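In the two assemblies presented below, chain A is common to both, partnered first by chain B and then by chain C.
Let's look at the complex of A and B:
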């Protein structure tokens, strides 16, 4: 340790900061444990480190040779365009339903304004964390199993995904509000619904609109692959072409996805900026 | 509702007219949105759904009931895939951090090597990484390096580059320039400026972001098995293929548990760092 100090004589202040910590031992132990876990992971998963670095040139090579001339004719086909529109529909509907469901859940899951901390708070938290922690593709597969193939399953999966995504952001936003109006309304005897309507909602309306738009953006990104597992939309084309190893068509579909996601991101960013200015 | 407050010269009538136009505007937006949603609803739910095949409430109830008969006998087989998932997420996050170093460097406006070439490149890479879903990344890498945990790690890494490098670049752009100038003034070279002037300022933000991303990556690596990389996703896929819905439920519960653990760990880790 003293050798480290000797090496960096030009910046003594930094060397000092290291020794100021009384917990430096714990710190080193944690770093050591993380490194050990990483080493163990590499050994356990049997990863050939040379292949990690080789993967990127290889990916580039495969993209260049097999995927290269993207089959543009395939993605300008009317059926494919229809599936793109359906993807958009699913994301809109799923995002809307998700936002609608997540607002009451976020209300329950916000610690400062929840109806009851004993029952409603854990319920709201569990609902949001539960829908967040399971990935949207797993939700899709589950809904497809129960409800059959099609956009209904995809829309519901996106709804659950949006409940988790927007619910967390909403409840974070709700927990950061100014409690003054809430207490004022409570003290004059307003019921919880009135408190929400007149004290809470006006404070978070703009932020909620921004979050809702962002949720749609993310939902659209998820909607592009929901069809991969039978949820309807353009993902189905991706699955079909991947399994038939029609790489040029896959490339075209991927380009369409990237383009659309970029458009959605730019559009949602523009809208959010506009709404942010209304604050 | 009215942000533009009425001025005295316009008077009360003008205020009312302003409010009225705002209200009409809002109603138009709501009506347009409702129409759009109604069309979406019609097209997705009514038109595309095969209600006959679903078998009514009884059929759905029957399938659901099979999901609720949890197959606990599978539990011992879950440990190794769960560990694999966790490791995949950790290694993927680590690799993602390394990959996002140059991207963040290119994409931060104040330290980028060239504003005309590298800055747009860095920004483009950030968007590219985030706009391709992890399933698609995994498919590409399964094609490139074959089955196993490696494509999952690479896919998770590629997907997390966007977020980590975006936050890092923003942190670099928002640093206090004074320490950098001070180190330059006493004759520090480019590397010393980076190491002593920039890194200490952005490190807490970056570590917080990495922990957050690790948490999300557990979620992502849990599905990598669906397209041929290992972990809990593979088990999920197998149980699904065998129509062992009770086992599927157990796998989903295991994912939930793993993510709950990850959330707790990341909560405390972030508290310790920040």
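Let's look at the complex of A and C:
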């Protein structure tokens, strides 16, 4: 019995190979082209690899001589602490407004449940892509030009930034839902808002909460820089001290930013993990 | 007087794509428990979904309760759908919502926007939901999440949700094919019992022929988008079945 099986196995009626002629050739050609382009870029941009490597010791030296020790007194000053709190407020407000605005936009921009594929879908997509495609610093500069210096401009810039950031993640999440309950509630005669609230939202609520927290985390990081361009908050101190060449103060501010961003990241990660378990 | 009249119904999902239904004619009367049987790909699900326009027909007429289904605008279509109960193969419950909320969501078509937003369903809807849950044997599971239930229990929730609508016709899309044979029989028996109790005609698409012959009083046999058989379940002969399933020799 086994010998018969072995004999019949020894003569397959056709051959098989993972790499077949046109695909395998094309694949290797593409990889080769990418490598060639990278090599040509290094040569064209005249990148001196020894200088790149030498940059690190020099950076360490500058940090050690000019930026050390950080001026702790400067960052414990009441005015600076107030600016940190303002930064936090901006990120919370901008994140909240952004998330609130991005949920309806994400609904429009989710292909499977959008209200109309011809009008609402492109509108939602365009709004989200528009917010995303312009960097938050550019948004700050734009809002500062229109509204003047201060927290209002910074908050609005962060709002737009969050619309782009959260809107994209929200709409991706919406496009991945199970359409069964949606179909079921459409078939009982529910209107689109009811279908969204009863069939769609329960499926994405946990993911949305996680995304909202993540959005705030990213917004906080952005908020530290927004001030640099006149949007209010601690970024303004960063700009002033760099321009005054107060390197030890810059060092202290940078350390505060790193510390706060780390805290925000750890905190949001912990919260998201907790929420993830509620699925 | 027929409740549902289907005339020359044709469907293709894309303009250039293959035709799924190729001209169907049949009626459903007020006391029918009508099974649609046929091999996979015959167009059974598409047919059921055309009746409440979850799938848009491309040609032909569907008349339900004397209204032409294809002519309805969005608002009128919602008002018509309220009167059609539907039960699904995969239950289509909202898993992260309680059994109670799933059943209550059957009333959404009748619930105003403010009430539905705050999930404040009228007292009589809640009482009806409790009554129906008792009727399908789920009184002990009212506050459980839908995904905490077994397959058979979930389909019972689906049945209760459909009956919440006080439907005037029930559309069943393979209600038992995600269930094991014993539970399938229980569920079909329950549906039959409740349909008789509430005097609702049923159009049920099912691929378990034996179960169809046991529970239904009328059979529509489909094959490749055509109707091949239409008659009482008792009158069905072996050769009729062989003809419907002729293409499924594999």
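Details
Here is the rule we go by: the second predicted complex is superposed on the first by the 252 of 279 C-alpha atoms of A that agree within 3 Å, B and C clash if a C-alpha of one lies under 4 Å from a C-alpha of the other, contacts with A are read in each partner's own complex, and residues count from 1 in each chain.
The working rule: a residue touches a chain if its C-beta (ideal position, glycine included) is under 8 Å from a C-beta of that chain, and two chains touch if they have at least 3 such contacts.
Computed from a prediction, not measured in an experiment: that's the story for all the values here.
Shared-chain residue A:76: touches no atom of chain B or chain C.
In the superposition on chain A, A:193 makes contact with chain C only, not with chain B. Contact with chain C, but none with chain B, is seen for A:203 once the two complexes are overlaid on the shared chain. By the touch criterion defined above, A:244 reaches neither chain B nor chain C.
When both complexes are overlaid on chain A, the residue A:181 reaches chain C alone and has no touch with chain B. By the touch criterion defined above, A:37 reaches chain B but does not reach chain C. In the overlay built on the shared chain, the residue A:112 is in contact with neither chain B nor chain C.
Those residues of chain C lying in contact with chain A across their complex are 52, 54, 78-86, 88, 90-97, 101, 105-111, 113, 116-117, 158, 161-162, 165, 171. Those residues of chain A that touch chain B in the shared complex are 11, 14, 37-38, 40-42, 44-48, 51-52, 54-55, 58-59, 62-63, 86, 89-90, 92-93, 96, 129-130, 132-135, 137-138, 141-142, 145-152, 154-155, 221-222, 224-225, 228-229, 232, 238, 242, 254, 257-258, 261-262, 265, 278. Residues of chain A touching chain C in their complex: 180-181, 183-191, 193-194, 197-199, 202-203, 205-206.
Chain contact summary for the complex, chain B toward chain A: residues 3, 36-37, 39-41, 43-45, 48-50, 53-54, 60, 63-64, 67, 83-84, 87-88, 90-91, 94-95, 127-128, 130-133, 135-136, 139-141, 143-145, 148-150, 153-154, 196, 200, 219-220, 222-223, 226, 230, 236, 240, 245, 248, 252, 255-256, 259-260, 263.
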